[in-house]
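Next up, some structures in structure tokens.
Below are two complexes that have subunit A in common, paired first with subunit B and then with subunit C.
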Partner chain A sequence: MHDLKPVTALGQSAPVAETIGTITIAENDTLALASVAARMGHEEACHAILKKLIGAVPGPGKAQLHDPQAGFWTGPDQWMVSAPRETHELLADTLTPMFGQTATITEQSGAWVCFDVTGAAMSDLCERLCAVPIRKMDAGGALRTMIHQMGCFVIRCKADDHIRILGPRASANSLHHALTTAAHSIA
Partner chain B sequence: MSQKNRIAGGQIDRAKTLKFSFDGRSYAGHPGDTLASALLANGVRLMGRSFKYHRPRGALSAGSEEPNALVELRGGARQEPNTRATTVELFDGLLAKSQNRMGSLRFDLLAINDRLSNFLTAGFYYKTFMWPAAFWEKLYEPVIRKAAGLGSLSGKDDPDVYDKGFLHCDLLIIGAGPAGLAAALTAGRAGADVILADEDFSMGGRLNSETFAVGDRSGADWAAQTVAELASLSNVRLMPRTTIIGAFDHGTYGGLERVSDHLHSPDAGKPRQILWRIYAKRALLCAGATERPIAFDNNDRPGVMLGAALRTYANRFGAAADRRVAIFTNNDDGHRTARDLHAKGVRISAVVDVRPDAPLHPDYQVLRGAQVVDTRGRLGLSFIDVRQADGTMRVVECGALGVSGGWNPNVHLTCHQRGLPVWDDAIAAFVPGENLPVGMAVAGAANGVFTTAGALRSGAAGAVAALDLGQTPDLPQTEDAPVNITPFWYVKGCARAWLDQQNDVTVKDVKLSHQEGFRSVEHLKRYTTLGMATDQGKTSNMGGLAIMAELAGKTIPQVGTTIFRPPYTPTAIGAFAGRHRGQGFHPTRLTPSHKWAQEQGAVFVEVGNWMRAQWFPQPGETHWRQSVDREVLATRKSVGVCDVTTLGKIDVQGTDAAAFLNTIYCNGFAKLAVGKVRYGLMLREDGIAMDDGTAARLAEDHFVVTTTTANALPVYRHMEFVHQCLFPDLDVQLISTTEAWAQYAVAGPNSRKLLEKIVDQDISNAAFPFMACANITVCGGLRARLFRISFSGELAYEIAVPTMYGDALIRRIMAEGAEFGVTPYGTEALGVMRIEKGHATGNEINGTTTAQNLGMGRMVSTKKDSIGAVLSRREGLNRADDLRQVGIKPVDPAEKVPAGAHLMNAQGPVDAVHDQGYVTSACYSPNLGHHIALGFLKNGGNRIGEELRLVSPLTGVETRVEIVSPHFIDPEGERLRA
Partner chain C sequence: MIIDHPLLGPRDAAEFTYMGDAKLIDRPDPDADTAAQDFHDYAYLRDNPAGWHQELWFHEAGDRSWLVVTRNTLTHEISKVELARDVARSRGRNK
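Here is the complex of A and B:
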């Protein structure tokens, strides 16, 4: 067992949460992430394994909100699968034998920062950040968009006032700044 | 000053009084006033000076079309020039100054220009200032620049912030007049997602300015009731103070919401304005119409206004421009103004109507078939000269003149996708053509429907059609009078009759433009500047077109219009910038060791969006070179560590991954063994070098490709293009892992000893030789990757761990390396070491160089096809005297070798024809004790040992240099294989 201590994407030892007006912006440091890309000629087999794993094969713009593994569409025959890091630290290593030659698995846990944004004014906040049609999105909607020049995924979660934003980890501070600034704007 | 021209009625809140200042003088107004209405109520007609002749000017209109009443609003850093007093919502403490004057507004020294008007006609600057040529730069231009421009900037940073936002709707309704309100009501009640935007702070459009009833109540009351109902609908978003400034591609619209402009200053954290991008499935343009003036001599005197504007000031704001008013009209709308003002107790001196059959009124005189030919008054209107139907002249006393020349539909947004309006004889105006932006329809006055009942009907019908609702709702009864107009553009024989009041363009200027051959409407615009200022000719274009048509013997539609472009009204640059200014100009990317590096006092440099440690100053070091030299020497002597996470990392997997890389790289990769790394060179399709890096084979079907920091994205994009478009049949999956892994270069003779304390596996030279790679574990089990590659030329490794452990790993490396004196080094030392080693980077792979130039010509495999290979063999890229990468050192070790300098033969001219090459990278080598450089030299491979001159004519540098091998350090590569 190694003794290296991870830091959050914001560079802290623990996730940061902040409430501004009705909006709470909380860094979610609990996710393990791995990309799944179907290999040519093995698409159907890959779909079957994915469906068994997370309950469905999310189509474009969709996420499958599922425990413990969830997933969302990232491109043609590509998905990002997530799971609690505490129990699935080696998610990619776990998925690789599970999918075998049907899919390419790549560890992505360190590549993203994740913010859970909740609150009554969530839609107003989202409208100040990106072009996703937040008021038309149902739970399980997952769209790639730009937030302040950063490529991000916005996932509409089960609660009406909850979105999850995944952005580039190296720009976590910039993304956090964008979120909090927008929250102050609408507060 | 009392509000001497405040009259009864209006939609202002008289219970509250607002104090404001204009040109240092205090006035009072009320909530609901604009700055212009409050000034008029206070008896102030003179509000500004014109652009060229500095003629006194007052408000012409009551809306955003205003050409004259431009003021500098607010003070200090918030000072904003060219603000239209007619749209500024009055607030307590408002501070405004007149602009474009030298001296006071009443005594403007530059009014001398008006006396010189014979010399300053349209296009005068094309014909003058021609000689002497030397005067242009030092005299003419500075003088003209000083005199030109409207208003002044504070020169300070804008203290306010601007947001951007994104909205979606089924139907965007642009304008909340009768048509827009009827449309919103129809669509809103049907449950559609509706956005109703209006530039005014009070929705209702002309309904707020008129006195006729809509149904059983006043138009203003109906508007208020309708807005209240719309506000109660959750599917309707009301956006007052929001101007739709442009119709863009695919049904997107730009909307500028003035969130805080009506406040003294924005609340903390709140934006001043929001620039919305609105995605509308359908849009209904209900932007109304703009009244147009008639040109006659001295028609620009303060007090001469548009007739409907006088009506607006009286009915909506309870303000009269003067207590004695005359009307000059060619249509029935002018009479409506007279009736309303008369009803408000304003004395109507006369209604001058060019039509011989104009309607009469029992309470005031109507001069049929008459024309206003001139005006009098020094700083404001006192009298008008009227030529009556029988040709006799008559002087009429009045302090304001309402001019009504008809109405122009506001077609601007219909033209933003290059649509052209078409002429409608019935209303003597252009109306929207057929080629509208995708999804847009037009209703109400904007579509040439000039009655209120018609506007309601067309607005409702527009919503029904847009949303396919099938049924129009019941609409209230209201005014439905026909349009009676006799086109009349200007008074014949006038000398100085103003068309474009903002740019001081007269009827005479249009005639001059015609006379000099500038007859196309686009030439007319450029030659005279008609319609070019902040108002974009909303009140002037039609007059100019009509006169040009008459002069050219054409009809107005034959002359055509200029193209209307966004923005519809002036928009602050700050709104376009949004939050992307200053430190927010672009996002930053922080390396995993950033926090630790900050603690070490690192000096950072922006590399793209990345913030990289440039060097790590130590106590006592006062110059960056001291730090960099120390870092280089320490690394080559023992061990150094550098964060190289920023290098692009692309995960390439699939059964055809090797074949794919064999295509991407010009050198062979198909046979690279698992567990090995290979240096690769990537060519563009034209054979020019694109990027270099390494590819590590972690499994038969799994490679990790590294790119340079700068090319991480272009290379990934290139690989996706190759995969998706050129070789879609290959089974390859690509994904960026740049940020997924924290990666550190550990370099120097003690690097292995250091890493052996961290890596759990055997990394001896035998077990892990040069160019080896492997998935490993560190610190007792953390998954990691190790690559034995070297950019510095030393025994070196790159070690990677999941990014969240990057901070911990750098701290562990530093702790475990203490016994070896491990030294962190930054990008400067990195650069010095790679120049010493002769490694190319972006300076050398600069978009113009080939593998041949780089001395890597033999890497382009002839045994396979790869992207760029064929074109790299072009004759033009393979001449004997082609540039070759060489090393350069000064003959005198004390001399510097400047980057960018050019190589010239030891003897001979110094010019482009005799250019021998150039320096791409230069540095001081602490190991060699003198400056060194890399560069390209013609036939460089055969000129080692030759002495040349290095020149930089721009900086006056000329240095004797010797051409040497580019490998200054360890040319045999013994260190990195140690």
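Here is the complex of A and C:
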């Protein structure tokens, strides 16, 4: 039998959390993700199922912060749905029968690294890294942007000093480097 | 240059990549008798207007949507921005 040890996106046995000045950058290893793309002609039925699942159909630039499943808009008629990995490890497999023919579901858990950035200077850090209008964003704003040439989603969470950044998992260390370097520059 | 994205609002043109003349949406019918000539023209021939031009822009640093931007090549004035999907469907495409 293989004796395999799970590692986080940064290659460690446990998620990395680091406080630099007032900013805490914490790898979040607890998310299960799946993308939902409405099929042509089934948009309304797909919206109804999505609304039942997460409580709303997030419009452009918006996220629905909801338990246990949450979701955010990723493009026209496309969303990302997330849930706690502990309880929803097979999220895509459970969503597929729920949406049936109305949407195409793709497993995304293995494609993304998630960082929770919190602290008083979060907005300063965000401004140094990407073109997201962070000070104008309300809780539940979600935009895709570029951080050091990596396409990332930036989600403004409920707390005023909290953003969640989803970036490409294969570039997890590069994204972590970008975040910590920016944090050191303002610490 | 600012492109007024129909879903996300005004965005800097640096977030977009220019993807060519919007005539690329009108792909010729491969089963037509004149298909060889049609595809030659489709692949190689472009107008180069001094004035209003419909062009494709890809929102690479944003939501990755394809847009049809109507832009004046003399002044860089942009008069209209639409989702390429909507333009293609209005021209009878079914996808």
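As a working rule, the second predicted complex is superposed on the first by the 182 of 187 C-alpha atoms of A that agree within 3 Å, B and C clash if a C-alpha of one lies under 4 Å from a C-alpha of the other, contacts with A are read in each partner's own complex, and residues count from 1 in each chain.
In the analysis below, a contact is a pair of C-beta atoms (placed from the backbone, for glycine too) under 8 Å apart; a residue touches a chain by one contact, two chains touch by 3 or more.
None of the values given here were measured: they were computed from a predicted structure.
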item: Which superposed partner A:170 touches (first subunit B, second subunit C, both, neither); value: first
item: Larger contact residue set on subunit A - subunit B or subunit C; value: B
item: First (subunit B), second (subunit C), both or neither touched by A:181; value: first
item: Partner chain in contact with A:40 - subunit B first, subunit C second, else both or neither; value: both
item: Partner chain(s) touched by A:131 [first = subunit B, second = subunit C, both, neither]; value: both
item: First, second, both or neither for A:111, with subunit B first and subunit C second; value: first
item: Which of subunit B and subunit C A:61 touches, first, second, both or neither; value: second
item: Touched partner set for A:151, first subunit B, second subunit C, both or neither; value: second
item: Partner chain(s) touched by A:11 [first = subunit B, second = subunit C, both, neither]; value: first
item: Touched partner set for A:2, first subunit B, second subunit C, both or neither; value: first
item: Set intersection of subunit A contacts, subunit C complex versus subunit B complex; value: 40, 131
item: Subunit C - residues contacting subunit A, complex; value: 7-8, 12, 15, 60-65, 83, 85, 95
item: Sites on subunit B touched by subunit A in the complex; value: 163-168, 193, 269-271, 274, 277, 279, 579-580, 584, 586-591, 594-595, 609-610, 645, 651, 653-655, 729-731, 733, 735-742, 777-783, 801-809, 812
item: In the complex with subunit C, residue positions of subunit A that touch it; value: 40, 60-61, 73-76, 131, 143-146, 151
item: Subunit B-facing residues of subunit A, complex; value: 1-9, 11, 35, 37, 39-41, 78, 90, 93, 101, 104, 106-112, 127-133, 135-136, 148-150, 168-175, 177-178, 181-182, 184-185, 187
